[in-house]
Amino acid sequence: MNYELSKEAINIQSVIDKVVERDAGAITTFIGTVRELTHGKKTLYLVYEAYEAMAVKKLAQIGREIEERWSGAKVAITHRVGRLDITDIAVVIAVSTPHRADAYEANRYAIERIKEIVPIWKKEHWEDGEEWIGNQKETVAYPKGQPEEKDLHE
Amino acid sequence: MNYELSKEAINIQSVIDKVVERDAGAITTFIGTVRELTHGKKTLYLVYEAYEAMAVKKLAQIGREIEERWSGAKVAITHRVGRLDITDIAVVIAVSTPHRADAYEANRYAIERIKEIVPIWKKEHWEDGEEWIGNQKETVAYPKGQPEEKDLHE
Amino acid sequence: MNKVMFFAHLRDAVGEEEVIVEAAGKTVAQLKVEIVETYGLQKMDTVMTAINEEFAGNKEIIQDGDVIAFIPPVSGG
Amino acid sequence: MNKVMFFAHLRDAVGEEEVIVEAAGKTVAQLKVEIVETYGLQKMDTVMTAINEEFAGNKEIIQDGDVIAFIPPVSGG
């Protein structure tokens, strides 16, 4: 249950509790919240939608990637789905590691990977319209219809 | 009250609440916990002691340094003092920024600076003794009796 | 038979959350072409594909019973 | 008169949390030498100094009423 989607408000402490370890001195969290202004445009609220079964699998894959790359790391991720208002929490990533540098790097890796491979989409609602947001990383698209090779297999 | 020492257990959420902003999309936290094993030696408990008035001032200085360096950043830091057991929280650093890369970098900066300039000391207690821990960064000492020039003035 | 799922703006464009098609033996690329034609979509160049909840390349051949999902650029986090 | 404060292992070595001395007109370096001699300390090379809760260099001259704190390498966080 370290990787979850939640229809309810995320309790930060409960995500952190999943990674507490007697031999881990450092825990980092990333908390993504709904921002009111993006490029000067005022968001009223957001809706997150997910391909739920696959999204949970991909979150777990990211956790395994981190545990392989940063020795002793423990990871928990909860992503919200449904309607969110300004300052609501969209995602909480908690990473514990024995040493602090790793806890920052591994956590950063998790959010970047979420934005690459986890099938979750955000629809922004403004006063004058709404739009599905995509390609947040502003990279090129996937001309082969898929992410890079490393993303394909768990 | 964004910079505090606490004799009681730190409530993570209350530190985070201080940096929530309508225009900040990213909040990082760093949670330093008491680790059982360090270099294979088993810690029973720790005692943190502080030069309290100066420690709070130096935490606030770190916050100002961050706000100057990372535009739009908000910072809150609470450090525990007194006796702590294994997995107890020693410090919580919360940083919010409009963009996520900054939230990681600014948070990392805060913990590194705490370990340089904030007058707080840790005494480790093991089964066979106890010792004040110092020079955690394993840098050279201060031959001029002071940290670097930049640390001297707020 | 194969279930094909659509998400986000792609679902809005198609007008369906999922459809059932006969895609066994076709490549992902072939299925994409059919979908684009059937629903009058502009293109699916930025759309990833999953087969049975794992990403799949355009050359992968669909088996009977596979669940196909078309995944527009994600925007979680 | 000046209050001089000691912390952590330095306090243990000195045996006092704080002492009152007459240090006006002396430099931080001069006061350190006196402290080392008075309390039989090995050295204070790794010890920082604060005057009135701000870090001060070895050459700084102490004023009457200044509160001096000797700060061993810190280990918070």
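Chains: A, B, C and D, in written order; residue numbering restarts at 1 for each.
The working rule: a residue touches a chain if its C-beta (ideal position, glycine included) is under 8 Å from a C-beta of that chain, and two chains touch if they have at least 3 such contacts.
Bear in mind that the values here come from a model prediction, so they are computed numbers and not experimental data.
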Reference subunit B; chain at largest CA-centroid distance: C
Distance between the centres, which are taken as Cα means, of subunit D and subunit C, whole angstrom: 72
Separation of subunit B from subunit D, taking each centre as the mean of its C-alpha atoms, in whole Å: 24
Mean-CA-position distance for subunit D and subunit A (Å): 49
Residue list for subunit C, restricted to those that touch at least two other chains: none
Per-residue overlap in subunit A, given as positions that touch at least 2 other chains: 32, 111
Chains that touch, pairwise: A-B, A-C, B-D
Residues on subunit A engaged by subunit B in the complex (per definition of touch): 12-13, 16, 20-37, 86-87, 98, 100-101, 103-104, 107-108, 111
Subunit D residues touching subunit B - in the complex, by the definition given at the top: 5, 7-9, 12, 28-29, 32, 44-50, 53-58, 69, 71-77
Residues of subunit A defined as touching subunit C within the complex: 32, 48-51, 53-55, 57, 79, 90-91, 111, 114-123, 131-136, 141-147, 151-154
